[in-house]
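Let me begin by presenting the structure, written as structure tokens, before commenting on it.
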Amino acid sequence: MPKGILAGVEFEIDEDGFIQEPEKWSEAVAEDLAKDESSITPMPPDQWRLVNYIRDYYLQFGVAPPVRMLCKKNDFDLKYVYEMFPKGPAAGACKVAGLPKPTGCV
Amino acid sequence: MATTDIGPPDYKEMLPEVIAKNYGKWKYHEDIKPGVLKHVSETGDEAFTVRCGSPRLVSVDLIRDLCDIADKYCDGHFRFTSRYNPEFITPNKDNIEPIIAAIEKIGLPVGGTGRGISNMIHTQGWIHCHGAATDASGVVKAIMDEMYDYFVGKKTLPQKLRISLACCLNMCGAIHATDLAVVGVHTRVPTIDHEHMTVLCELPTTQASCPTGAIRKHPDPNIKSVTVNDDKCMYCGNCFTVCPAMPIAHAEGDGIAIYVGGKVSNARKAPMFSRLVIPYIPNNPPRWPEVTSVLKNIVEVYASNAHPFERVGEWIERVGWERFFKLTGIPFVEQNIDDFELARDTLRTTTQFKW
Amino acid sequence: MDDKTPMMDELEKGPWPSYVKELKKAAKKSDAAKDLIKVQERSFEEKMTMWKHGGIVGVAGYGGGVIGRYISRPEEFPNVQAFHTLRINHPSGWFYKTDRLRELLDVWEKHGSGLCNFHGSTGDIIFLGTTSEHLQPIHDEITAIGWDLGGSGSDLRTPTGCVGPARCEYACIDTLDFIYNITMEFQNELHRPPFPYKTKIKASGCPNDCVAAIARADFSIIGTWHDNLRIDQDGVKEYLDSGFDVQGLVVNKCPTNALEMVNGKLELAWPEDCVRCMHCINMMSKAIRPGVDKGATILVGAKAPVIHGACLSSVIIPFMKMEPPYTEFKELWLKAMDWWDENGRTRERISELIDRVGMRMFLRAIDVEPVPQMVYRPRANPYVFFDKGV
Amino acid sequence: MATTDIGPPDYKEMLPEVIAKNYGKWKYHEDIKPGVLKHVSETGDEAFTVRCGSPRLVSVDLIRDLCDIADKYCDGHFRFTSRYNPEFITPNKDNIEPIIAAIEKIGLPVGGTGRGISNMIHTQGWIHCHGAATDASGVVKAIMDEMYDYFVGKKTLPQKLRISLACCLNMCGAIHATDLAVVGVHTRVPTIDHEHMTVLCELPTTQASCPTGAIRKHPDPNIKSVTVNDDKCMYCGNCFTVCPAMPIAHAEGDGIAIYVGGKVSNARKAPMFSRLVIPYIPNNPPRWPEVTSVLKNIVEVYASNAHPFERVGEWIERVGWERFFKLTGIPFVEQNIDDFELARDTLRTTTQFKW
Amino acid sequence: MDDKTPMMDELEKGPWPSYVKELKKAAKKSDAAKDLIKVQERSFEEKMTMWKHGGIVGVAGYGGGVIGRYISRPEEFPNVQAFHTLRINHPSGWFYKTDRLRELLDVWEKHGSGLCNFHGSTGDIIFLGTTSEHLQPIHDEITAIGWDLGGSGSDLRTPTGCVGPARCEYACIDTLDFIYNITMEFQNELHRPPFPYKTKIKASGCPNDCVAAIARADFSIIGTWHDNLRIDQDGVKEYLDSGFDVQGLVVNKCPTNALEMVNGKLELAWPEDCVRCMHCINMMSKAIRPGVDKGATILVGAKAPVIHGACLSSVIIPFMKMEPPYTEFKELWLKAMDWWDENGRTRERISELIDRVGMRMFLRAIDVEPVPQMVYRPRANPYVFFDKGV
Amino acid sequence: MPKGILAGVEFEIDEDGFIQEPEKWSEAVAEDLAKDESSITPMPPDQWRLVNYIRDYYLQFGVAPPVRMLCKKNDFDLKYVYEMFPKGPAAGACKVAGLPKPTGCV
């Protein structure tokens, strides 16, 4: 497993850049992750809103939110989500939010 | 930002001249000989098609070879069929033999039309997929070597016979409705990597993935993971699909199952599912001899018993599955009897049967 | 580590064209292809895949089109440590102009293993094996020459259609145009996965269904006709004269006994009984053809076994005219997607949702009245809902 | 202690002489005329059977009347058929007409054999059952009055046609495989008597009784009762069967559904289930005219469209259900489409259908 | 309260014999019967049953045979306040000797409403309507004259069989003897409900299945033969001479095309194709009959819709010889009951248990090998268990 | 609903003699109920064992025990159960044990 430094802390990171020690996630870590994923760093409010929504949803339900819900609840158009996170909600936003690598839906 | 959403090229640009000109005007066709079709248009134009086999997994060089042939004989156009076969279309009858010669020169067999066996729909196998319970390209090569005569028209059959392969139950290629389906199967319960579970998997998704509800939350609340009820697990591997922490592949347990009698076309009988006849044959690379011999046997029994123009499934449904098992000598085992959700409809609720 | 690959070598033999030869051709130019041969040999030895689970990579602005893949033994096979595939949306009907295709192959040879599938079983061109760094360049270069990625993930997958009117006299709808049209219309749904799971559309020009739409597309569009098939008695005579057994092989095999030989003529004696199965037409293409009032039957729900067993599509619209811009179809599809998206669980295909909540809910959502053509037979169980009263 | 477990009388004692003598030796039979059969034995003996209708719900007096006839003409023996019809068996041909006369004298119709409509299998209805969503004897009387000509042989049909009735979904009589099935149905969600729930019902049994899982524990732990999810309830009444505190009958909501095309015999086609054609007709005592007219229509359409010796279900399966709905003019509604457990197998997975 | 019963009176009219007339006959001697007419009229008015839920009454030593019933308005209908029914086990084949029957009727007239069903749809004689006090006396008196109660509750219900060898040339098994034998053998299981739910056994002498065994008995015993049906050409000639359309009505309607007319003779041309459907025999009873190697097919699982939808029985033993004392059958049944009893949930019929745990579990429990005759077709889904290894 | 006196307490009792106020059940009530149901009163130990078993099972699971289990666990032959309670486990023993009137299994 490759290693990487995020917000000054050493992390196990998989090939796709997903952190393997979610308990070590922090806002600073997110900002560091966002460097590769978000269209602007540091992340502006809408990006943060999305990341926080995804993370909260995950902490509550144990899964990443469905794309439809993610757009609806935040009043984001899906294209806008791709503008904020060009790799999309799964490969982009979920990664920044510190979730396990989606195999399912997002 | 990069260009996006331009979509595929417009097909109209891709059409050979004779096709563009006679688009939607075709009147009838004839089978000229194995691998060669003639389509006649209302305009009087004729289009000759030469079809050939392909291993599907190809180098760019092979595709360039095909381009060369197309450039030479087909105004720089060619196509592939829905079963991976390259097709060369020409309005000029005299091009047929040269095209055939050129195809054979690059090592491809001409054929795949009419009442025989066309190319095998198949999947990635050990070439590329994480889930494969068997290989794809290797098994296909082994099978098609045996079925070669039915492809090139040296031997014919009562009707088209399709063989397809999927390397796991996901059945990429949707081979669940094919005359002969070769399916990679696991036969062992997945193991669970409790330690990496939460890092790698969403627990609710993992639980929901199990068709039989075999996956439960781990009883120990301190262990954020799941458990599998071995008795309920039928090794489908769907949990592994969503959760890398539940590997299911097993060198000794993985193998191949054979399904028979499906069809897709609506000709005569409605489409049918393929049905399990052999639940398990161990993987035996590089030539999977047990698999190929079983398939050959079924093809031959079909060839000598079916009525003309009867697909495999139509033949079996006419004579009865009990007759199929008798004629092929395949042993009937408990796995052949359905016990999943629609099982009841498969049970024989009549005294009508053959001995 | 032994570099011999006896099992691979074995598969160079035999009459069927060998993919191993192709691997070896590619290996001449690509180290990844070279490693792939070894990977394959090792898999044959150990009877196991060498690939790691998953991988999630892509190109900017898209959520699909690339399948990420990493090897489980990077030390042993360093050149395939990352070995992703790209799905390239094929042109309708899989027709190619060689110059356009050569351009595409050149991009791939430059950036990848030089191995491909013509085609993947959904219908895309598959570029088999490259590293993460090459993905974006590949996409930039192929879009520059007029190609684009196909679908993957929870999106609309690359739609496909049979050769249809391009080279088939049976085509009742313009499969190529329809597929191209909807592919262009739904680029967003194709490239930015919005749904609970994957969804597919395939179109066949007639009930022979040469793209197996009924078995493997959530929306199966199958050409048919609403009037009577047309019989040309001169053509019939030709068949009879040639000694072809019209009675035995055609009339007797009609599933509904709709045909009859009357005084040397082949009659559609019971036109209302014909279920347009194509058999007689297939047998006598010079003498029989579909009617002139053409359109499509729309069926919904086919999919592979996961998780409730495989489904075939079932009739939703017995007959729909299919003329550009295909508005009626598009509206129907969007309504269906909307309902599915709103009600479907994660990884639940539309047929599984229909199965879970009942066909009546689906019909209500898409504003379609129930008709007996939707079922082989009515229900046998008495478990009936009257949520709209009696 | 009382005598127990002596079982029913030995049938051997109950057999008429001609039957006892020719037991197991019968060679063939003939239909002499409606209601009269002749069986010929290998011994050369002949047995004539006169069959007649019965309302099934009878007084002891009627049975004694039957005994009288049997005493007079049949050495003191008679039997009932599996469809409630009394049968008088005599070796003496000359007894046929006197038996017929005697039967008619006590008001019963001779008939029920051959290609017509026999007596209706039915259940208790409002005469005796707590669960009845419609009456039984009354509806049967109304229907059989209309079908009389088919019983006594004044009209005949392509083949035997069985009508059966059950007054609720429990389907006592197992009428789920009959040519025409008349079924009492509820259409309202049960009400719940929370107060008496625990006194009257076992909660786990009540919950488990629901085919769709609509019944849940009451969310308020202080209320030892259950709740019903109205959206999931399809009014089967099974909860009421196990739990008196969940009454479901409703004067306005109860009524009758019609199922068509089942059969039991293995002749030609395997047994088939009856299938829903009309989901609901309100109860309209005493003569249920909507029910009788619907049934008459189906019988007549069958009579004029089926091939000889084709049962209702065989005819419909041959011509297609879409044709059945067209010919009978019965509207096709959403309830006709299955959405229960085996629904998938009923969906039309083909482009083959009639307009 | 109005004593008029106009709707009841209406049902005295019409050609079919009237049960209302029967009620009125009984009402002459029984106040309960009198009230029952009023109850019925009130039900017609209010479109509702007047009966209360349940009731659990019985006779000493038995757990079944009586259905308890109370009226919901005892004030209005005091004479049917309690109105229980008794189920009397009929003699095999529903044959009666009048003197024995009259004795039975006398008991009933003395103790009850004088109303009965000949028969209930399981096959019992139903004594319709008496009070709790009369139950034991009735049982004491009927056992004294050689009758006994039938089944109810979670027991073996009263077994029934068709008329069979008593008056039918098609009978391949002795249905009457078999039913009597097992009824006597399993008196305990019939009278003292030991099971998770009801269970039924019915026997028909041939595949015509005149007791509908395949639709309504957990164990359906249906006569058949293992050799070839027998054709008497003289008989065939008679039919042909009489103008009967042997080709059209018999040969063409054989479901497996096993028959052929050859030179005026009817041949079982493909004996291995005959599925013993009875059609040709039914059509030509003077010329065709079953073979001589007779026995039964044993099918399992028929039942009414509750709770997973109705079931038809399915083949478990394709062929079993059926000779007294029917040991093979009894052993099979006991093994099956034991497995069901051990594994079944409350109110779960045996077919529901099979459905829940899988046919393979049932077959293992009863020591029967799987054969293709058990299924129409093998499974289509790939969800297969290998709990005994591969 | 008819009334009756059991162990000196007034009870609602249904037509079949089942008590409608289970909370008022006691051993004395059982003995009184047993007068009509058990073959011997006061109930001997085996009768009591059965009644207690049924009642305990009911209190634990909310349902009457299946007949098979009832016999197995107490090592009683079913015929013997009918000797002790001639109307059988449902109409006899369950009534004495104060259970709701069985509609299901026993």
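Just so it is clear, A, B, C, D, E and F label the chains in written order, and each chain counts residues from 1 on its own.
Assume contacts are C-beta pairs under 8 Å (C-beta built on N, C-alpha and C of every residue); 3 or more make two chains touch, one makes a residue touch a chain.
Not measured: the values here are computed from a predicted model.
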Selected pair, greater C-beta contact count between C-D and D-F: C-D
Centre-to-centre distance between subunit E and subunit B (centres being mean Cα positions), rounded to whole Å: 48
Euclidean distance of C-alpha centroids - subunit A vs subunit B, Å: 38
Rounded Å distance between subunit C and subunit F, as computed from the means of their C-alpha atoms: 66
Touching two or more other chains - residues of subunit B: 169, 171, 176, 205, 211, 236, 241-242, 244, 266, 271, 273, 340-342, 344-345, 349-352
Shared-contact residues (touching 2 or more other chains) in subunit A: 63, 101-104
Shared interface positions of subunit C, touching two or more other chains: 54, 60-62, 188, 207, 209, 214, 222, 255, 276-277, 305, 309-310, 312, 346-347, 380-383
Pairwise chain contacts, counting only pairs that touch as defined: A-B, A-C, B-C, B-D, B-E, C-D, C-E, D-E, D-F, E-F
Residues of subunit C that touch subunit D when the two form their complex: 207, 209, 214, 222, 224, 226, 255-256, 272-277, 297, 299, 301, 311-315, 318-319, 355, 357-360, 363, 370-387, 390
Partner subunit F, residues of subunit E touching it in the complex: 54-58, 60-63, 68, 70, 82, 132, 153-154, 188, 192-197, 341-342, 346-347
Residues of subunit D defined as touching subunit F within the complex: 1, 196, 198-205, 241-244
In the complex with subunit E, residue positions of subunit F that touch it: 15-16, 18, 63, 66-68, 71, 78-79, 82, 86-91, 101-106
Subunit B partner contacts - residues on subunit A that touch it in the complex: 20-22, 61-64, 100-104
